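There are two complexes below, and they share chain A, which is joined by chain B in the first and by chain C in the second.
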Partner chain A sequence: MSGAPILRAVLSQPSGAIGITLVVGHVMLAVLSPLVLPHDPIAQSADLMLQMPSLSHPFGTDRLGRDILSRVMLGGREAMLIATLATLVAMVWGTVVGIFLALIGGRIDTYIMRIVDALSSIPGILIVMIFVAALGVGATALIPILGCSYGLSVVYIARAAALDFVARDFVLAAQARGEARATILIREILPNVRDTLAVQGAMQWSWLMLGITSLSFLGLGVAPPTPDWGLMIADARGVMPTAPWAVLWPMAMLSTLIVGVNLATDSFAKALGVDRQMGVRAA
Partner chain B sequence: MLGLILRRLGAAWITVVVVAVVVFVGVEVMPGDACTAMLGRDAARIEVLENCRDRMGLNRPPVERFNAWAGDLAQGDLGVSMKRERPIVDIVGPRLRNTLILAFAAALAGVPLAIGLGVMVALRRERPFDIIVSTTALVAMTMPEFVVAALLILIFAIWLGWSSGVVTAAYDAPALTLLFATPLPAVTLALVYMAHILRMVRSSVIDTAGADYILMARMKGVPERQIVRRHLLPNAILPTIPVIGLTLAWLLSGVVIVESAFNYPGLGRLAVNAVADRDLPLVQATALIFGLIYVSMTLIADLLAMALNPRLRTRRL
Partner chain C sequence: MTLLDVQELTISQVGSDAAIVRAATLALEPGETLGIAGESGCGKSTLLLALMGVVKPGLAVTGGHVHLMGQHLGSIAPEAMRRLRGQSIAWVPQSAAMALTPTMRVGAQLAEAMSVHDTIPPGDITARTTALFAQVRLPEPNQIGARYPHELSGGQMQRVVIAMALACAPKLLLLDEPTTGLDVTTQAEILDLLGELRRDTGMAMVCVSHDIGVLARLTARVAVMYAGRIVEDRPTAALLTRPAHPYARALLASVPQIENPGMPPSIPGSPPAPGMSTPGCAFAPRCSRAHAACDLVPALSPLPLGGRVACHSPENGIFAPVVMPTPLVAQEAGVPVVTVRDLVVQYRRASLFARLSRRSRPDSVVAGVSLTLLKGEILGLVGESGSGKSTIVRAIAGLWPRSAGTITLDGANLPARATERDRAALRRVQVVFQNPDASLNPRHTVREILAQPLRLYFNASPAEVEDHARSLTAAVRLDPDHLDRRPAQLSGGERQRVALARAFAAEPDVILCDEVTSALDVSVQASVLALIRDLCQSRGTSCLFVAHDIAVVAALCDRVAVIYLGQIVEIGRTTDVFLRPQHPYTEALLSAIPEPDPMKTMQPVLINGEMPSMTDPPAGCRFSTRCRHVRDVCRTSTPALALRSAEHFTACHFEGITGI
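So, the complex of A and B:
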C-alpha cells in the first residue's frame, strides 16, 4: 500500500482523522501565523501587564504585557523546526548504523551494541545537558546534539527491523553477486524496513518536541525573547494565581500538538501494519 | 545459573565504564574546557585562565586526567565543584537522598495503584470505564512532565488550595517534611509512572485472558472469580514486574523536570543548576550518578526477571 490508500485508511479511523486534523492545523498555524499576527509578540507594555482575556487581546497578556495569542501562535515554530531537523539527523544516522550492524553481525555488532546500550543508559536529557553546559549552546547547536542522542533508539529499531531480512535469499543473492554493503543497505534492506522507520520517525518527532520544550522549560533550549510554549509556561508559573490563562494557552497548544501526533502515528502504524513499539520516550 | 548472573553483572560493569568514559570524553572533545566554560568572558585573560587550569589540573594530558578522575571515582571521590568550591560528594549526597525519597514515594504509591487499575480496566475491556481510564493514561503518557506539573499546581495549589505549589523545604529537611509539605511532585511522578504501567498491565492481562488454559478452566466449569484469581492474575502480573522495573528506570529522567518544576531540592534540579552555572565537574558527577542509578535498576529488573521466570535462566544473555 502506498500514498492515497494509506491516507484513506488513516482518515477512516476516528482517532486518525482527529490526529491528522490537529497536526495539519498546527503546521498551517506555524507556517501562516506570521502573516496574521494580531500584535507584535515581543512588544512589552507596562500598561498591559497580566490583562484578562479581552477583545483586543483574546488570550490575555503575560507579565510583561505581551499579547499571549500572538506568542502562542508563534510558540511552536522554533521547537517544531528544531524537532524536524533533529529527527532527520537521528533517523539518518540511526538507520545507517542500525542496518549496517545487522548486515555485519558478529563481534563488531556485539561490541558496538554494548556501547549503544551504555550510551542509552544515560538519560537523554542529561547527555544534552552535558553538551549544553560545555558549549552554552543556542537552538542551532541543539539540532546535532539532539539528533545524535535521539538516534540511539533508532539504531535499535533499524537493526531489529533489518535483522528480519539479512538472512533472506534476496540479500544473500545480492551478497553473492558481490554488491557493496552500502548498495545492499539502500536497494535491498531499506525498501523493506521503510514503513517501520516511517512510524519510528513520527514517534521520534513527538519525543523530540517533548525534549525541546522540556529543555526550553528548564531554560536550556529556545532562548528568549523568541516565543516558545515551554518558555512561556516556565515564565508564567509565578503568576498562575492571578493569570492562569498565561500558562493554560501554551499548555493547550503543546498538548493538542503532541496528542495529535500520537493519534496520527497510531493510525498510520495500524494502516501500514507496523507494530508500533510502545516505547518509552527517550527524553 | 550462577554463570548467567555473573555475566549479567559483568555487562552492567562494562556499561558503567562506558558511561564514565562518555561523560569524560563528551566534555573533552568539545571546544574549551571546564575553565573556559566557568570563566566565560574572563577566560580571555590568559593568566586567570592558566591559573584556573593549574588549579583544576587541566594542563595534564587527557589520559592521565581520566585515570586520576576514574581512580578518585572508584574511591568515592567525585571531585570538587567549581562554582561552590566544595567537594561534590557533600553537595550530591543529601540531594541524592531527596531524589530517592521522591522516586520511591512515587513508585510506592503509583505501582500498586497502576496494577490494580490496569487489572480492573482489562477485565472491563472496551467498556466506558476502560475507555476513559485508558485514554487518560495515554494522554498522561504523552504529556511532558512539566505540563502535568503546572496543571496540578493550578488545580490543587491555586484553585483548591490544598497544598502549596512549590517545595519550600531546605535540602536537608527530614524526609517526611519533604514529602508531605508538598505532595505534588510525588503525585506528578506517580501519575507518569502509573500511565505507563497501567497500559502495560492491561495488555498483559488481556493477552493472558486469551490463553488456552483460561479457556480450559472456563470449560471445566471453574467459577469466574477463581479463574481470575488463580489462573489469570498470577500469570499476567508476574512477568510484568521486571518490566515495571525497567519502566521506572526509563522514566528516571522525568525527575529532572519534575524537580525543577516544583523547586524540589534533589539531584535533578542540582543537575539543571550545574548546567546553568556551567559547573562541568558537577554536571559530570550528576550525569554519572543518574547513569549508575539506571544501570542498577535495570540490573535488578533483569535479575528479578530471572528469579520469577525459570525460562530465562537457561537463555544466553
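So, the complex of A and C:
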C-alpha cells in the first residue's frame, strides 16, 4: 500500500483525521502567519501590560504589553524549523549506523551498541545543555547537537528493524552475488524498514519539538525577543496567578501540535502495519 | 449410526461472498479413515476444522451443516459443545513444535489435556500419562514427561501431540498434515504409529495432507478437493488406480516416482485464488477434457464402481503415470566444473557454558565430503534434515566458511568466503534458495530483481536491462507484464521462476539449487523441475540440486549423492543408486517414502531409531546406530567410498548387503 490509499486509511480513523487536521493547521499557521499578523509581535507597550483578552487583543497581552495572539502564531516557527532539520540529521545518521550494525553483526556490532547504550543512559537534555553551554545558544548550534543526541534512539530502532531482514534469504542472495555492503544496505534493507523509520521519524520530530521548547524555557534555546512558546511560558510563569492567559495560550499551542503529531503518527503506523512500540513490523 | 454427516457445507469469508469451502458433502462411519487431499488454498484445512465445529476468525458457515453423532454442530450450546469435543473428537495440529508450550514439561501438558474433560484422581495422573506415552511409543515413557519440548526431536514432539489427542479416547481423530516438516524416515514411523493406533482403538480418522502418498499409507478413502469443492471421493485403491476426475488424475500424474525416473507432466495454469468464484467447473480452464457442459458446476454424483466424482465426463481407464524420460546430458567427456575435496564445515556452538569449560568442540556438520560436478550435468544431493546438504551448498557459494578442504571452479581455487572472490567467479556460481518468499525482496518489482545481477556483472544500461529482463521472463515462461509486479502479487511457482531467472541472468556455469521445490505444490513443482532441466540443458549449465524429496531428485538428476550426518554414503547414476541401492541407508530412505501406489503401501521401513546428534556422531560408520545389518567392524572403523559398479561408489564395509 502506498500514497493515496494510506492517506485514506488514516483519515478514515477519527484519531487520524483529528491528528492530521491539527498538524496541517499548525503547519499552515506557521507558514502563513507572517502575512496575517494582527499586531507587531515584538512591539512593547507600557500601557498594554497584562491585559485581559479583548477584541483588539483576543488572547490578551503579556508582561511587556506584547500581543499574545501574534506571538503564539509565530511562536512555533523557529522550534519547528530546528526540529525538522535536527530530525533529518538524527534519522540519517541513526539509520545508516543502525542498519550497518545489523548487517555486519558480530563483535563490532556488540561493542558499538554498548557505547550507544552508555551514551543513551545520560539524559539527553544534559548532553545538550553541556554543549550549548560550551558552543553558545542558537539554531545553528542546536541542530547538530540535537540531531546527534536524538539519533541514538534511531540507531536502536533502525538496527532492530533491519535485524528482521538481514537473515532473510534475499540479503543472503545479494551477498552470494557479491553485492557491495552499501548496495545491500540501500537497495535490499532500506526499502523494507522505510515504513518503520518514517513512523519513528514523526515521533522523533515531536520529541525534538518538546526538547527544543524545554531548552527555550530554560533559556538555552531560541533567543529572545524572537517569539517562542517555551520562552513565552518561562516569561509568563511568574504572573500565572494574575494573568493565566499569558501561559495558557502557548501551552495550548504546543499541546495541540504534539497531540496532533502523535495521533497522526499512530494512525499512519496502523495503516502501514508498523508496531510503534516495538519499532518493528508487526505482521 | 453415521459418525459424521456433512451436508452442503459452505464456509465463506465474512463480509464477502468468497467461499473457501463450497457445498461439501461427506459422511463418515465409525472407525472409518478418510483422507482429504488437495493443494494449498483448496480449503482442506478449513473443512477439517469445521468437522469439529470450529471456524477460523474472519470466516463463517454460510450454508449447510455438520452433524456429529446426530447432533447439529453450531446449534449446540458452547458448554455442551466443549463436552462433545472432549468426549468424541480430538485434533492434531499441523506443527507440533508450535502446538506445545515451550515453558511447560510435556508430561504436565499431557496431564492438562487429560484433566480438561475428566476429573482424574491426582495419584492416577502419572500412571495415565505414562500409559499414553507408552501407547505412542515414546522411549522411556515414565521419564519423558519431565522433559521440555525443546529437548525432544520433531518426531517425538509429534508423538506427544498425538498422545494429547488420545488423552480423552476420542471416537474421531482429526489430523492436519500430521507429517509435514518431518524427515521421511520419521514420517514413516509416525504413519506406522497412526495406523497401529487406529487398529487398536478403532477410532475414525480424518487426515488432511497435500501428499497423496501419505494418505495412501494411512486412509482407506480419499476425498480430493479443488478450489473449495470436493471433486472426487473414492476408496484409496480405486482413486490411485482409476482416478475419475481429470484433476485427480493430473495431480497423481504430477507426483514424481522413483521406479519411473523422468519428468512428470505438470498441470497447465494455476488454481484460482482461495475464495475466487468461477462460473462452472473450477478446473475447466486447466482441463484437457473441458467442453461446453463444463460451464455448469458438475454435481458430486456416484460412480458405478463406488465413490463419487464431480465431473461431466469422468475418466474411467486405468491410470498409468507417463513421464518424459530424461535424456542423459552430453557430459562433455566428464569435464569437472566444480570439484570439492575433503570439505569440512563446522559450526561452533557459542554457549556460555561450553566456552567457560573450554570444551567447546566445534560440530562438524560436513565431515569430509568430496564430490565432482561435471559440465552440463544435474547432480542431486539427498539427505534428511541435519545431514549437512544445505551447508555444502552454502560452502560452495561462499556463504559459510569451510574449516578444511578445497573447492575449485574449473581447476582454480575458490576462496572460502564470497567477499574474497572476484566478480567473475561470483558470477559463474549462482544460488537459488528454498523459499522464494524469502529470497525475493518484497519491496522490489520483478524488473528490479532481474536488473540486479545484470547491473552487477555486466554493467548493463537501463535499455539492456529491459531487454534482458524481457528475454529472461520469456525463458522462465512468465508474461512480460509480470515485470512490474512485486513478489506478493505472484503465485509460489511464479516466484520460484523469478528466482531462477535471477540466477540465470548472471549466465552462470553452475547453479546451486537448495530445496527449490519443497515450498511448492506438486502440480507446480513438476513445471519448475522441467524448467530447471530445460534451462540447464539449453545453456550447458551444471546444477547441484539439493533436496530431501528423493522422488524429485530421481525425476531431475543425472547423478545423485546420498548424504548422512555430513558424509556421502553413496554416489552414482540416479538409476543405479535408486533402483539398485548399495548402502543400507539409501535402501532405508527408499523404503520410507510413502508412494501413491496401492501395491506398495504395506512394505516395512528398514531403519531403526532416530538420527544421532551431530555433536556426538557415532564412532566408525556413522550409520551404524540405525543400520539393520550392523556388525562389530562397523562400530570401530569408518568405511571409505569404494567403487561398486560403473561410476557407483558406496561407503559400506559390506558389498551386496542390501536387498536381504
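Here are some notes:
Just so we're on the same page, the second predicted complex is superposed on the first by the 277 of 283 C-alpha atoms of A that agree within 3 Å, B and C clash if a C-alpha of one lies under 4 Å from a C-alpha of the other, contacts with A are read in each partner's own complex, and residues count from 1 in each chain.
Everything that follows uses one rule, which is that contacts are C-beta pairs under 8 Å (C-beta built on N, C-alpha and C of every residue); 3 or more make two chains touch, one makes a residue touch a chain.
Just so we're clear, the structure is a prediction, and the values are computed from it rather than from any experiment.
Placing chain B and chain C on a common chain A by superposition gives a fit, with no clash between them. By the touch criterion stated above, A:P191 is placed in contact with chain C alone, chain B being left untouched. Contact with neither chain B nor chain C is seen for A:P5 once the two complexes are overlaid on the shared chain.
Looking at the shared chain after the overlay, A:P38 reaches neither chain B nor chain C.
When the two complexes are overlaid on their common chain A, residue A:L172 makes contact with chain C while staying clear of chain B. Rounded to the nearest 10, the angle made at the CA centre of chain A by the CA centres of chain B and chain C in the overlaid structures is 90 degrees. After superposing the two complexes on chain A, the shortest C-alpha to C-alpha distance between chain B and chain C comes to 8 Å. Overlaid on A, the two complexes show chain B and chain C touching no common residue of chain A. Note for the complex: chain A touches chain B at residues 114-115, 117-119, 121-127, 129-136, 206, 210, 213-214, 217-220, 230, 233-234, 237, 240-241, 244, 247-248, 251, 254-255, 258-259, 262, 278, 280, 283. Looking at the complex, you find that chain B touches chain A at residues 11, 14-15, 17-19, 22-23, 26-27, 30-32, 37, 138-139, 142-147, 150-151, 153-154, 158, 165, 196, 199-200, 247, 250-253, 256-257, 260-261, 271-272, 274-276, 278-280, 283-284, 286-287, 290-291, 294-295, 298. Against chain C, in their complex, chain A makes its touches with residues 168-170, 172-179, 187-188, 191-192, 194. Contact residues of chain C toward chain A in the complex are 397-399, 418-419, 421, 423, 426-427, 430-431, 433-435, 438-444, 452-453, 456, 502, 506.
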